[in-house]
């Protein structure tokens, strides 16, 4: 499309956390205009009544049963919703970007193993994972884009250069220890996410068997030892990967690998070993942005590589990634609408 | 009060008298939630886990 | 100037908190290009080494002794520095925007009363307070712009409509109870602002005699009972004003007053009494933005008006206000570089 | 009673926040033994499954319908529950300590004005407010003890010395600006108290018409201008009172007043004007304790007294106050079970 | 000694974080009376001026150059101080309890490898590590007690049962991913620990080569892959250990191992797999207490054991452990002064 | 140990023996920082306040 053109967009699940981020990003995007945002619970209320930062956006939620026809439909609904409505979605839009896990995996077998099966498996072949660092070649023209899982995104971004550069071959033991903020749970929230119970924690919430392992395995070809902790922040996912390569590796090798994979990537930053306060990747350095930071250290005592990877789960880990993928799919400027640089100082954004 | 062994951690559990099958009790040692399968004598098993969606 | 033109800018005190915000805003501003950022402590280091969000900005700090000539010089230095160097600043720039208190007050007498006097009093007549809601008429063409104090800004924005609409005449008792975040203290930080001591607090830090009272008095013509508490956030200033008008007033009167003062203001939002979670102004709803929120409630039991006002001290309360004022002074689009809408959800940004 | 004696206690509402605190205090109290803790939702579960700090306490919740007979019954249930069951309570216990608002006020008229009336008004004459700084003389032998409201407690403790010493006579304007933590809302918690929405806030949650005004008025004889803000802590209530005495007052007068009221009080500390980090009362200095801190400053510019008062709402503001009152009522050592000194450093406890 | 006896105690470094905790614990301990607390910076100030929770303790700091003679001397000074003054300490006390790393390791070689050598190596043989779960047999009568490192303590407590039960033999890969609060850094604190920079973080602060590895290796006989992250809490250390046993293991084996090691330990709690909010060990469940929680999960997909271990670094990780060890060494009731149960709800204590 | 009255709050203060003029001590009751003006007999006054810049 020509760059000045404006595309209409709908956001299903607009009252949720990632739906709100989509609305914010679309409202500031030069090529999009928001036609519809749905919510069953807040039907007819202003989007600003739920998302106070969007008080200046003149838009009311409508019922997802009354879909309008748009160029691009973004679905930010819980797992299972999109696979049930995907035909309807395509009746109303040429391009569908889904933020749930419904179209991330390639095969029904994976959904049988990790989820509760799949009811629209004919779409699995068509969908492209939204993360451009993985799928830049496949995205142009894609009609069904599947936004990645936030913890999977952080992990994959951290480890991928080691596979690209063949420092790892998939036979190694890989431990991934993840720390995430409370927005990852979405706007619902039960007792465990009430402020008094959720503040100040380091809480093992997925000690084993986290579903994002499926995505990691799909893209890196390796099964990882994966444990997720909830910590006291709102936005942010940080993955620390402890890796034991078969052959000796130098810091130079690591820098080559990481620069090789990411130096042309507009949203990836390498951070390792500098001075000052921020020496390694950390979530608050990328909060509110679509940037991902990765870095590493080499443990001479036991030949371990420690990889750090940090993203904002609401941005690079979901809504930002979705827009990024859509920009490429639709032939727009890749970074359009995603230029925000982030804040300093910033607390627990 | 009868006693039973926690099937998770092996600790002794003291059970109340009007125990009913299907009831869920938690172990005071490890915290596991146990389902009362039978009452005389008491048989316990791990309660089916509440699938919790922490969002992803 | 014509709108496509690019102006060169320098930031003195670029390694500080408001200096970092200025750099961020200028880097994303369509009409500015950063020529220089100074720091004595970080001379020659990249700006990204101090402000991790600016890692993508290709710029190194230089010594403030080596000033370059620019169109606009922003000074974000502690109180007293600018008044000592103001002649030098004007030798290197046509327009000077100072974020300190050095040029906010009109007369030497005020500086004698509230500060330790003034050493460049000949500039006091020329300077224009940066807050456009107060000084929009005087800003165009101004050569010396004085950014307001953050607590003063929050307070003035909250109370001004009551004076505009003559609901208050200055004879009333006004109590202003302010809550602020830790970035207000700047990047230095002693023991009281260390994380273990500063976390989780509600700490009276200026029970009486806060210097911002001088600015409030200057603009509203009234002396207020002013107390400031430090609370556990990083960005944000929230002023609660308890006001006892002489004559009975209705909620309709209040809405008229506030809409009258602010409905054409691009950065002011009225928030009072809606539903949902965010019913009154609160700092995190405007965090990272140049918006100010004000709202009120009427206490029937004792004829009190309670006014709430919330800003981001780093933005509307300093760097954002400075850019806003400069935009108007220089004939640029008023909102240029300040469009960021803010975040939801967001923690303690 | 003789001091070595052991009394049996029941806690109705043992799964709630203040109920959990009561259980903790009773478990560590030399004169009490816990006979029963009720919960409908957690019936038969261990108390440790809800309150992880009580994992070492060998006790399971039981149904409130199956009350056991005890010496002292503590009710930590929502407003309205105790007034409906008070007869039953007294059938099972000689002494009832109620933490709700049900028996705090003296007359039906007050309940009509501030609450939804009262259904057991015959008990209003018998009940004694638990706060010993107010009612030490009436507590011994009391059979019905009403724990105070946390915001009311903080406010009354701050202002009382000014009335005791006749610095105020009740005709003055008094503004009370309160900041509280999230545990004040109890264990329920809706969307507004979810971690992403509740973190990092300064949120006006009761701008006007807070019910605790009734208690303040009852004990101080004056109607106050009262506004409550939610801030980012879990425990703690901090009241800042802005007071304008009719006649001039000196700091010496104030110290005399405050020392006069509190120097013999085992749980009151005066803090004002020292050096170091903690110069005025603040909640985290008393967190986890039954202490209250009060202090003040005199504003020479406008003859204002600013009074600061800080408590832990779960302790001095509810469960601790209840035990304190019960200790006196039952002739036990006044400070028994309440000696914990608090922590340093401590975050947002 | 007979149990009613009172011992005099001195705290060197009483103005620091662990020194303050020692003072708090000693002031509440039935068998100790504090004779002296030293500080060079706060000489002659009240201990309450630094530690606001100790305002009720009538004691002023004195200079460490003026040591008094006491029964037990506690040193809570930075690494290196005690080894320089150990002879002087023993001239003034029969028993010395040192919280630094100065006497934790057994040999000069270890100090050469991990620290900067040792200047009082003749004491290394005499010293006993304070953690009773490791050294209960050696503590009675010990004259020099070395408090453990907090991260080492958390890790050792988590892994020890696996070695006790020979589930691990030392040849396995062990990854330990630690998350700690800001009090671990002590009261000093530079820019990185200022509130604006330190809030809301997940910051890799010791990616590799943390000195506590030496203690772990000494007690478990195995070198671990160790990485420490700073997170947003004040108290607390949480160690997640990812372990790959050589032979298959069942959950029953694990429970036998953990119960075998800890069921008679008064301060150890096993937490794994229950319902409710607190299902695994987490620091806030043990905050302010001397308890340690450990728990685990078995990953069927890759035969990994994930072990979680949580302590309060200021208590079980330093001051509490020191008192615990001293209690045993001196023949006092083991749990004396350490009975505090902890809090619920509690934020980031 | 001599005693003196805190000039801020009026509480009794116990002073150490080797008191020196110019020394700053804090009151254990109100926390005020007091300067020793004279030693025999002890005369105390409020210590000059450390002007603290919390930034504005």
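Should a chain be cited, it is by its letter among A, B, C, D, E and F, assigned in written order, with residues numbered from 1 in that chain.
Quick note on the criterion: contacts are C-beta pairs under 8 Å (C-beta built on N, C-alpha and C of every residue); 3 or more make two chains touch, one makes a residue touch a chain.
By chain, UniProt protein names: B, F = Lysine biosynthesis protein LysW.
Please read these numbers as outputs of a predicted model, since none were measured by experiment.
Chemist: Find out how few touching-chain steps suffice to connect chain B with chain E.
Modeler: 1
Chemist: Looking at CA centres, what chain is most distant from chain E?
Modeler: Relative to chain E, the chain with the farthest C-alpha centre is C.
Chemist: Where chain A and chain C touch, do the two copies share over half of their residue numbers, giving same, or under half, giving different?
Modeler: Mostly the same residues form this interface, as more than half of the numbers used are common to both chains.
Chemist: Give the label of the chain whose average Cα location is farthest from that of chain D.
Modeler: For chain D, the chain whose C-alpha mean is farthest off is A.
Chemist: Per the definition at the top, count C-beta pairs in contact and tell me whether C-D or C-E has more.
Modeler: C-D
Chemist: Roughly how many whole angstrom separate the Cα centroids of chain E and chain F?
Modeler: 37
Chemist: Any idea how many Å lie between the Cα centroids of chain C and chain F?
Modeler: The computed centroid separation for chain C versus chain F comes out at 39 Å.
Chemist: Any chance you could list the residues of chain B touching two or more other chains?
Modeler: In chain B, residues 26, 31 touch at least two other chains, as defined above.
Chemist: Mind pulling the residue numbers of chain E that touch at least two other chains?
Modeler: In chain E, 17, 49, 55, 183, 187, 191, 196, 199-200, 233-234, 271, 274-279, 345-349 touch at least two other chains.
Chemist: Could you pull out which chain F residues touch chain D in their complex?
Modeler: 8-11, 26-27, 29-33, 47, 50
Chemist: Going by the contact rule at the top, pick out the chain C residues touching chain A in the complex.
Modeler: 17, 20, 24, 27-28, 49-57, 181, 183, 187, 233-235, 269, 271, 274-278, 285, 287-289, 314, 339-349
Chemist: Where on chain D does chain A make contact in their complex?
Modeler: Touch list, chain D to chain A: 17, 182-183, 187, 189, 191, 193-196, 198-200, 234, 347-348.
Chemist: Contact residues on chain F for chain E in the complex?
Modeler: On the chain F side, the touching residues are 16, 23, 25-26, 28, 31.
Chemist: Give the list of chain E residues in touch with chain A in this complex.
Modeler: Against chain A, chain E makes touches at 173, 175, 177, 179, 191-192, 196-197, 199-204, 207-209, 213, 223, 225, 227, 229, 231-233, 236, 238, 240, 242, 244, 277-284, 297-302, 304, 306, 308, 310, 345-349.
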